[in-house]
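Below: a set of structures, written as structure tokens.
Next, two complexes with chain A in common: one pairs it with chain B, the other with chain C.
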Partner chain A sequence: MKKSLLLSAAIALASTAASAETLRIPHELGYGGSESLDPISPQRFYEAIQNMYSRLVRQGDDGRPSPDLALSWDATPDAKEWTFKLRPGVTFHNGNAFTAQDVAFSLMRTQSETIDSPTKGVMEIIDRVEVVDDMTAKVVLKQTHADFPLLVMDYRIKMLDAETCGNDLDALCESGVGTGPYKLVELDALGTTTLERFDGYYGGTPGVQNMELIAIADQNARVAALQAGQVDFIYALSAEQVPLFANNPNFTVQSVPTGRWVGMVMNTTIAPFDDARVRKAIRMSADRDALGKLVYGQGGFITTCDHPVWSGDQYRADLNCDRDIEGAKALLAEAGYADGLTVELFVSDISEGAVKMAEVLQNQAKDAGITIELVQAPADGYWGDVWMKEAFFATGWSQRPADQILNEAYRSTAAWNETAWNSADFDAGLDAARGELDFDKRKALYGELQKELWENGGSFIPVHLNTVRAFSSKLSGIEPVEDFSIRYENVTKAGNEG
Partner chain B sequence: MIGLILRRFGFAAFTIGFVSLIMFAAVEALPGNVCTSFLQRFAQGPRLERCIEQQGLNRPAIERYADWVGGAVQGDFGYSLKKRKPINELIGERFANTALLGGLAALLAIPLAVFLGIAAGVRRDKPLDLSLSGAAMLAMTIPEFVTATALIYVFAIVLQWFPAVTIMRSGMGFMDMLPNIVLPVLVLSAVLIAHIMRMMRASVIDVMASDYVQMARLKGVPEREIIRRHVVPNAMIPALNVIALTVAWLLAGVVVVEKVFNYPGLGTLMIQAIYDRDLPLVQAIALIFSVIYVGVNLLADLAALMIDPRLRRKGH
Partner chain C sequence: MLNLLATVVSRPSGAIGLTLTLAHVFMALLAPLIAPFDPTMQNADTILLAPSAEHWMGTDTLGRDIFSRVLHGGRLAIAVTFAAAVVATTWGSFAGIFFGTVGGRIDEFSMRIVDAFLSMPWLLFLLLIISIGGAGPATIIPTLGFFYGVAVLRVIRGAAMQVAARDFVTAAKARGEKLWPILSREMFPNLSDIILVEGAMRWSWMLLAFSSLSFLGFGATPPTPDWGLMVAQERGLLATAPWAVFWPCLALSSLIIGINLLADAIGKALGLDRASAMAV
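The block that comes next holds the complex of A and B.
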């Protein structure tokens, strides 16, 4: 206790003098100070767990799984049993060896009823984990899944030390002991959380000695802090904030595509949206590029054809969805709305740009004879009172791999099937893709599903959002990848300018 | 005299009770509840029911209000679901931080404003008065977040004399906090000084024109003595109420200023709590603010009683 006090006092003193040895990253205080060091907790402290723990597999440059704590893996032909060969000689921050026992522990606890993790739904596919030997774990699934490694690539599926966690599958484990490049010095979610480089990290010694995760809840305050040199990095700049850093040699601005999307949802079982022609007419009336520029600014988006698979995903299908007013009018006439159609769209300030997007769509759809009346709902209680209750409403999703988002949002039995999409063929397609071990064939199957959503689906997904970050030009080694994949251990920081 | 004071106290207590009722009712009237805001998209089915059960939201509102007031009177504000901590623990340290900020601002601003107000009033329409009044007008019309942003730009980003935002580290003492407090205190004091000074000036001018000051002058009492003995005490009485109102304004100003400077006080906690719809915490902080507001006004009343014997008579 005393030692940690002395240590943090020393760090505080040294922070200005030796700032080249400290990477200072702000965190948004998204959980208001209840941030948890358990990676599967609903309040997971993302900026900390990202650096303290490691996954079995990580995202490779091509979007496909690449080795991390697992060096290789293979599956039985029915894709139901997956054997992971682990990296030998890896130790946790406390000196314990990383073994297959820890893999079994870390995977099975995601299913705990008590912890009630957001990862539970996806990880319930695991039936059991067998420890073949210290360096080999066999995961047995309840059903076929040819892309199981993608599921354990999730940024929350980190490997914990079973012993430190007391082997208790039902308890939160907030010790912070992992195998990652940085180890915990002090947790202070409302103030400054301090990490220190882990010399035993299997990926080589991290580039910067200390890391500070600094609580700044307000984005404008974060911008001021970066300008004043109090932090080195900020996430998620808005379009208006980019010019503050764009032409300044002291800062680097990076824009990278992500899988986040905001969209408008038509319930496919409620008239007039129960007619696929009406749905497609509304979607065809949109000029996606113009919409993206108006709502998210130049360089703030990548256009998409109404399916949720983002540009960095290995299964993304490239479709053509140019605006087609004549086609939209023809479809409407066919559906019996030759004289035009009037619908209500419920929208609220729930996700970045949701209201603006609805307004732009309203204007663009007018040209096809579609009148959209916007109903502004309060953001408070939106997810309970409006979302999935009205016939036409706004939504927003964070990034998920193709298989996961297609299953979570479009399988007929999914809890968040917001378009009420009920297609036996689609469900069968999802199962077929999961069972196909050949990559090219699997990609073709996922491609068909995306095409089906563009032809007949109920989601209007005009763009996937880019994220723009700014950081001090003293930092190098920040790859232009999405936030979850930044490897801070590879970042180095140049000395003070004095 | 004692009865009068007790009556003022009773009235203050009644006001606070009434405010607590209004606050509770307003929070009740909002769409959604603690559970729907905490669970967001997961707010459905058994998970929602379990949360409602745990939070006791299925009980009637009157019962919950009685519980809350009962706890608050004993100094227990309950538990924050969102922050996983007892509210008392959350508020304690932050209250001290806000008191430090507001206290320093008031300590700096009030004596300075009173002094400047007297100086301006005595030298009415002279260059000193004109420049002070002009500066006060400017300080009053610019919103504090604009002043704050301008100060950050000049002193934190360009000159780098002070930090732009407060970064809390464990083991920080008063001396470590000091550089962080300078800019927020300046912003708050500027508005405080402007308001109080203008009132003080007007009030001094009024008194200077009064018959008894003229009389004293005719009797040959030195000007210094007139100001000290007759003008300042009489001019203080109307100014006291303005000081009380302005200190109460400080509470609102503190919320804005704390947010801009990322200062870890009650204001930022309040904004976070509202954002998170952490209703028990919002209620607790709002109640604390209203107690301070009523308390400051009560103090001003009592101080006025002390300065002005006329108010002590029955019927006032």
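The block that comes next holds the complex of A and C.
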């Protein structure tokens, strides 16, 4: 009897320890189970790739490029050739050594016509990658880019093992073999995907033994899962969800100003949004400050004028976008809608406040004679079934540097050009800004592009958000930084000894 | 009719049911006149206020007055489901009386089809049809009317078979009466009590179904004040602002309970035993 009690106690202790070393994070199942482990796939499984792969360069605490797999970099005076010195002694999860060959492979495959990655539009600036030696890669650009390291800081520009991927630049590579802190155990996008600590990680021993990425499509269900202790961490809390965790000692809440936004997209090639006057009338009808207070609460946002560059970015343009109902009515009348306009807006519970924002815009636009009929779509599968398929729909983006977001969302050839914005002048402006070596002139050029988006673009971006996350107080090591900069390898969970 | 009404209200359950049902119908009709605020008016300064003298039921996440929204919240649901209940009761009763009277192979064959429909997960089919046809009343009324009419058919058909075996129907057939006169003169008057109760019951179930559809985003669309939609939008606030969820829940459940009690009392007043009359 005594022996069996001791055995039971030992089993209980062992199971407790194992549980404490598992970090459980929900993912929103945005691609309905089609999530891919290829970081440049349009259906990239963000939470998995973030932990399985590494980048050449990552965000520092100040948001600027800091070393990751590349320890240093420098450029020729015309900023057309960038040389990256790599970190020595790094191995992939399968034991292969990380070399400049892998850098060349990983960067050049982003340009594949077959894969058609959302990163293609941005990375097409690369002409070739030269392997100087095993630990040195030289990137030769087609044109000058004074901020090129910002581009390879992208969360999807991960380094893959060329050998595991068969050196095939045109095929998806979903092996999951990277150099990141966690390696794949089992992929189950519809259920629980399991990762485990990679002991050979170059950045030291990762903080927990296992990670579980649990599919939970509904934000309220994710909140309930954290309350019930079924997950350890959730992000994108809405203003009214914060009190659920704010004064509870079992949870920690972080609110961080970021360039993240939720907005509405008008496809500029589909009537009536193919008329710039209609697009601007809808944008002018919004009272952004009132909208932000209603949806995100006082202090939870910074207003913006439909330009995606956030206030913390060095290239942000200061624009004025006060509400102008009479101006909106005049534009509508010019466009042939003097008696009012009725449009359908597709929304879903995809990002914090998306449905509420649509309701507020609906209410505000009414004053300008614009009737917005809301069509609610299911959250799971939204990004595959609705986003970029309807004429007017909700969207959500995380923070990106100015050059990246302007190229990724508005260059005519970009895969995620969600407004179908097709302007040769705008593309030329993007090239000119990249090629300008003088900072002030470069800033002025980026500013002109942002002004153009306010005047004629198809995006409605009323505010940039504070990203609000809540997590179990058992966790430590989560710094108050924007989402892409969280270093999950530094996250530990009380009870583990790692 | 007055006698029936007097019998119904003489029972406490009947009086409560009638009061709740009529109160909701009148609130829905008079909502634009008696609601203290515009139910769609958003106000950043009044977000999630607790119930007070100004806002009797508090305010929601967009600062809207919940009392005004609850008053308006039944208008669409009551109108849509009442129309759907009429559709379901009409076609279900007619088909039920017909099959219960003619019997034979036509009846057997039809009942297997009815069995197939009854075995289907209705809500999923409703979602499928509405996702194809759109979420407006033009789709929801016939869809609800059809699916709930199947259940009405089954109940009325069972009752009709009992009536069809009675002497006065046999006598009518012996007199050479044609089918339609038998259905309309002999069968229908003897089944109208059950049809009335059945219709009321299906109405209450449809209210729940419509609210479920709104909750799932397939019924009412924002900014329409609707109980199911209100619960869906504010369901994350149960711990921090329960009033935003409680009042629409109370309104919906009180109407459903009211209709149920009323239907029960009508059935008893008419001498019907609902427990045996309801085959499904």
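Operating definition for what follows: the second predicted complex is superposed on the first by the 294 of 498 C-alpha atoms of A that agree within 3 Å, B and C clash if a C-alpha of one lies under 4 Å from a C-alpha of the other, contacts with A are read in each partner's own complex, and residues count from 1 in each chain.
Here is the rule we go by: contacts are C-beta pairs under 8 Å (C-beta built on N, C-alpha and C of every residue); 3 or more make two chains touch, one makes a residue touch a chain.
Keep in mind that this is a model prediction, so the values were computed, not measured.
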With the two complexes superposed on chain A, say which partner A:Glu81 touches: chain B (first), chain C (second), both, or neither. neither
Check the residue A:Asp116 against both partner chains and state whether it touches chain B (first), chain C (second), both, or neither. first
Just chain B (first), just chain C (second), both, or neither: which does A:Asp275 touch? neither
If touched residues of chain A are counted for chain B and for chain C, the larger one: B
Considering only touches as defined above, state whether A:Thr192 meets chain B (first), chain C (second), both or neither. first
With the two structures laid over each other on chain A, which partner does A:Glu448 touch: chain B (first), chain C (second), both, or neither? neither
Quick one: classify A:Glu174 as touching chain B (first), chain C (second), both or neither. neither
For A:Ala290, using the defined touch cut-off, is the partner it touches chain B, chain C, both, or neither? Pick first, second, both or neither. second
Check the residue A:Pro378 against both partner chains and state whether it touches chain B (first), chain C (second), both, or neither. both
So, A:Asn220: does it touch chain B (first), chain C (second), both, or neither? both
Mind sorting out which residues of chain A both chain B and chain C touch, each in its own complex? 220, 378
Which stretch or stretches of chain A touch chain C in the complex? 219-220, 223, 238-241, 243-244, 290, 293-294, 297, 355-356, 358-360, 362-363, 373-378
Spell out the residues on chain B that touch chain A in their complex, using ranges where they run on. 30-32, 36-37, 40-44, 47, 82-85, 90, 152, 156-157, 160, 163-165, 167-172, 176, 259-262, 264, 268, 271-273, 276-278
Would you mind writing out the residues of chain C in touch with chain A in their complex? 40, 42, 44, 47-48, 61-63, 135, 217-218, 221-223, 233, 235-237, 239-241
Per the contact definition, I'd like the list of chain A residues that touch chain B in the complex. 5, 8-9, 11-12, 15, 29, 31-34, 43, 116, 118, 186, 188, 190-192, 214-218, 220-222, 224-225, 227-230, 378, 380-381, 383-385, 387, 415-416
